[in-house]
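Read through the structure below, which is laid out as structure tokens, and then see the notes.
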Amino acid sequence: MLHSLLIISLLFSLSNAAVQDFCVADLKGPQGPAGYSCKIASVVTADDFVFSGLRAAGNISSLIKAAVTPAFVEQYPGVNGLGLSAARLDLAPGGVIPLHTHPGASELLLVTQGIIEAGFISSANAVYVKTLKKGDLMVFPQGLLHFQINAGGVTAVGFPVFSSPSPGLQILDFALFANDLSTDLVSKTTFLDPALIKKLKSVLGGSG
Amino acid sequence: MLHSLLIISLLFSLSNAAVQDFCVADLKGPQGPAGYSCKIASVVTADDFVFSGLRAAGNISSLIKAAVTPAFVEQYPGVNGLGLSAARLDLAPGGVIPLHTHPGASELLLVTQGIIEAGFISSANAVYVKTLKKGDLMVFPQGLLHFQINAGGVTAVGFPVFSSPSPGLQILDFALFANDLSTDLVSKTTFLDPALIKKLKSVLGGSG
Amino acid sequence: MLHSLLIISLLFSLSNAAVQDFCVADLKGPQGPAGYSCKIASVVTADDFVFSGLRAAGNISSLIKAAVTPAFVEQYPGVNGLGLSAARLDLAPGGVIPLHTHPGASELLLVTQGIIEAGFISSANAVYVKTLKKGDLMVFPQGLLHFQINAGGVTAVGFPVFSSPSPGLQILDFALFANDLSTDLVSKTTFLDPALIKKLKSVLGGSG
Amino acid sequence: MLHSLLIISLLFSLSNAAVQDFCVADLKGPQGPAGYSCKIASVVTADDFVFSGLRAAGNISSLIKAAVTPAFVEQYPGVNGLGLSAARLDLAPGGVIPLHTHPGASELLLVTQGIIEAGFISSANAVYVKTLKKGDLMVFPQGLLHFQINAGGVTAVGFPVFSSPSPGLQILDFALFANDLSTDLVSKTTFLDPALIKKLKSVLGGSG
Amino acid sequence: MLHSLLIISLLFSLSNAAVQDFCVADLKGPQGPAGYSCKIASVVTADDFVFSGLRAAGNISSLIKAAVTPAFVEQYPGVNGLGLSAARLDLAPGGVIPLHTHPGASELLLVTQGIIEAGFISSANAVYVKTLKKGDLMVFPQGLLHFQINAGGVTAVGFPVFSSPSPGLQILDFALFANDLSTDLVSKTTFLDPALIKKLKSVLGGSG
Amino acid sequence: MLHSLLIISLLFSLSNAAVQDFCVADLKGPQGPAGYSCKIASVVTADDFVFSGLRAAGNISSLIKAAVTPAFVEQYPGVNGLGLSAARLDLAPGGVIPLHTHPGASELLLVTQGIIEAGFISSANAVYVKTLKKGDLMVFPQGLLHFQINAGGVTAVGFPVFSSPSPGLQILDFALFANDLSTDLVSKTTFLDPALIKKLKSVLGGSG
């Protein structure tokens, strides 16, 4: 039991020191290098810290047989300024998350269903590949090319978590073939044949 | 197809620039404020980036009816320097992860089974509590008191991920009652009754 | 003496590079994860960098026999972005600063009058306690529970300095008993008796 | 050739995660401790990432026989948040960049023409001076006094690059003699003779 | 003239505070997440801060008609801990620096000779390409694919500077085709034809 | 009272996660860019976190009539990695802390006795000067020239606190005149008369 009381004025004199415990993103406010502006603390509720958008599988593409659903700061404003975000990967049998990088974060992948073969390639061109089961973690250092594929006969699910609210995502095939970077420049800088590039551009919606 | 070749010397001249892609902890080496020393890159393998210690449930305590299994840098050296680590929570029916803080990291909790009621308390003494289902995320800002309890009739499982390889963990009951901080000091600084403190100390293994 | 003159145009061509020497907080402007927006440099004066609110003792509570007066960024906008803030502790004989944490900063305490017994508890539940005299410094690592009590017969004064303009402050008794976190949840997550919790809540203004 | 197609919805579902790849400064928007607000990504073009203001020599002063042209964030908004900025030094024969510091960044100097003697002074008062030729790099640690002088018979050019978009620049002579810091205070804090200070103030436009 | 003298003891009492002005890498010492161990200050000389390895062009490959010469921390220990490093690009007519990323740093490119067409691709797959002349700067945000090609009839030279002593370098063609990542995995994760991949692997020295 | 017990195994399974709560410097171990190596946690005691070297006044110089006593990481290993350090200023009547910078930290000065006039000069050459009384705080942004002088008739005492364990200290007069930087270089880069420089060098122990 208390044998002494704390003065209420202590509570009040200190109460506004707490503002920077968190900084839930105001997605309409100005954004700076460190993230979005903060919502006013008085309108923040528990809902701001919870995200339910990863409960269900994303729409599995019939082509990559997979789906990626992000919970980055734009989808999940509560992570703003806290150095974390997440996503959900659904991989049907044969599903693939193609080679990609996160320019702004390292990734820690948790497998929650099925079997996933995952790997990354270092700056020294070394390859680190492992087959992961339910409950396994694999870490992918920031900015390196990596991939995940379904290595079992059933749907696999994984949750990547990132060391930034804005990890970014650069999917290699899209970066090369889904924009207007000229075929000439793609060819010169990848040494791929121009005819192949044009074919891939037409498939992926690129031009030039 | 390539219509030009890259010079092999380019590959070699640049190869040692890659060392700092990652810094797998050498747990026997010196540790500094930024983390452990790095294992030599040449002996790093894919196994260093994978952790399988969270596949199975921890030993559920009959008392808190829960288990916490860490995958911090000491258990999972591959996360050293990468700004991430993880853990696994197993909560039997009635299970509780008591009030605690992580002094060195924010936490993003992913619920993978069952129903978990979780909450945190801000510096302004505001309370943010939510009931989470499978697939839900909740973020707990760095250093604030928070808890998780099983809010369903079946075992619940969650995976907290942290914004540091060394998040730290300060469990309130242990901090107060499981060491040799004198009953007099605990009483003076918590306003709890000395007799109660002594009783709790005896239960939790504290002295003084 | 100068044997050559500097060109005035040099002065002007470089003058606007200086804006980020400092970023005095505009407390009405948007706030982001790194702090408040900056006041326009042209209206900043020496007064912005000085804070006189710690000259006098705070109002000593007859109950804790102590006062805490913050000089965080909200009180002292000049520290915005500079990684520092401060406070003043006044402890009458018998005075106590109850167990608390600063979720966002480490603390360096300078004792300027009297004798203060201070301590903190680590994540490993180790206890570090010392009796401090005038001129002594003690450092409390970020996020860990710590306390200060008057250990002499006369009023003691200390100045804690923090490694962030927004250290935050979570006082344990307030966090547990001065809000609407339900007695059931407090009991389940602290293992304290519900009747005791209700009593403490009534004393400290909590409900539920 | 592709033997499978990527689903377009994947592209769109992820597209807004990219916002924080960069944060081109909106110089009219609010500024915070981490830099300026970001321009809206949709209006950013390649021009934002390029700066041509260092193509030509700055106006060589007949007095210091040198020019400094900054490409800090105010001149070059594309570097906002990216941890880099630059400048151009032109030193005619006999030219000097007087002793100065950059309070907010380390500097890496690249010499592109002529011969430059450069040096810095450490906190331990040690002096590090070298004569640099075309293609040489020299690094000046953050905040330390340093200088560059033309050490050849022809115009020298160098490009300093900084570890911050806002390195700041404090030129010693200007700091001492080109403002209204009173002669008395300058004398007391530098131990220079008041008469000399007054003379230098009159030359450099200072008062007091 | 001085009208007062400074006490020599002041000099000595403060002299060891200067150690962390810089931290020249001891490449044989342990490395941690923040960089290499520091050489002992007493053996550091001006030579440690200067790098002359970029004076001359690198060996131009007859195939990419270009050379990349790094001045990262391994080559230039003086930049350790200072947040900067550099490199030199030599591009003969027709020369190309193929698509690559720096996982650990943003890049600021200074063109010192000739004409270079450079560009990068954002996470949103937007393309930012510009033709740069002597004296131009272009910034490439961290982790994004980018390239440089000679766009003039004469040899071009550029100096990229990086926001880290260890920027890393991942060249796309090498990452895909110059290691033992299996043709099957490359094909599945890039959607390139296995026959093409095998051909490229044989050219670039890859296997599998 | 507890109505449930926590399992002891929980305590042990988590105990080694706490290592990075703090990192008391092992001054004999390797030092890196982020600070010194950590002492082994098992030998750390409360004494490591306390520094009593600022209890008494430093040796007041008869010349500057002042003393500076540092409590940087070399004197106070407990602050390693915690982003804070301190010092003590003693200023007899007429005492002066001459113009200086801290290249690695911002400073927050607390006046504890007497009256101190303090000021700093910004990159824009603006001057910010104030007269401070007991209990006043003044903040000096990182890397800018600043000074403190006794502005009362009695001894003044102040405690500067820094935003880094290794703030560094560059005293202008020492940097210019107390080393072997040649008179010619000092003259060229400060525009002071060579004869004056030689005189000051002889007073302060410099050569060249």
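We call the chains A, B, C, D, E and F, going by the order they appear; numbering starts again at 1 in every chain.
Methods note: a contact is a pair of C-beta atoms (placed from the backbone, for glycine too) under 8 Å apart; a residue touches a chain by one contact, two chains touch by 3 or more.
Remember, it's a predicted structure, so these values are computed and weren't measured experimentally.
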Graph distance between chain A and chain F, where chains that touch are linked: 2
A-E, E-F or D-F - pair sharing over half of the A-C contact pairs: E-F
Same-residue or different-residue interface between chain D and chain F, half as cut-off: same
Distance-maximising chain from chain A - centres being C-alpha averages: F
More contacts between chains, A-B or A-E: A-B
Rotation angle superposing chain B onto its copy chain F by C-alpha atoms, nearest 5 degrees: 120
Approximate Å spacing (C-alpha centroids) for the pair chain C, chain F: 20
Distance from chain E to chain B - Cα centre to Cα centre, in angstrom: 35
Geometric centre distance via CA averages, chain E-chain C, whole Å: 42
Shared-contact residues (touching 2 or more other chains) in chain D: 1-2, 4-6, 11, 14, 16-19, 21, 30, 32-35, 96, 98, 103-104, 119, 122-123, 125-126, 129, 141-142, 144, 168-169, 173-174, 178, 191, 196, 200
Every chain pair in contact, whichever chains are involved: A-B, A-C, A-D, A-E, B-C, B-E, B-F, C-D, C-F, D-E, D-F, E-F
Residues of chain C defined as touching chain D within the complex: 1-2, 4-11, 13-14, 16-21, 23, 26, 29-30, 32-38, 80-81
Contacting residues of chain A [partner chain B, same complex]: 1-6, 11, 15-19, 21-22, 41, 45-47, 49-52, 54-56, 71, 76, 78-79, 82-86, 88, 105-108, 110, 112, 119-120, 122-125, 128-130, 132-142, 144, 159, 161, 163, 187, 191-193, 196
Chain F-facing residues of chain B, complex: 30-35, 58-59, 61-64, 67-70, 72, 74, 96, 98, 103-104, 164, 166-169, 171, 173-174, 178, 196, 199-200, 203-205
Footprint of chain E on chain A - complex, ascending: 96-99, 101-104, 117, 119, 121-123, 125-127, 129, 141-145, 147, 149, 168-170, 172-176, 178-181, 185, 188-191, 196, 200
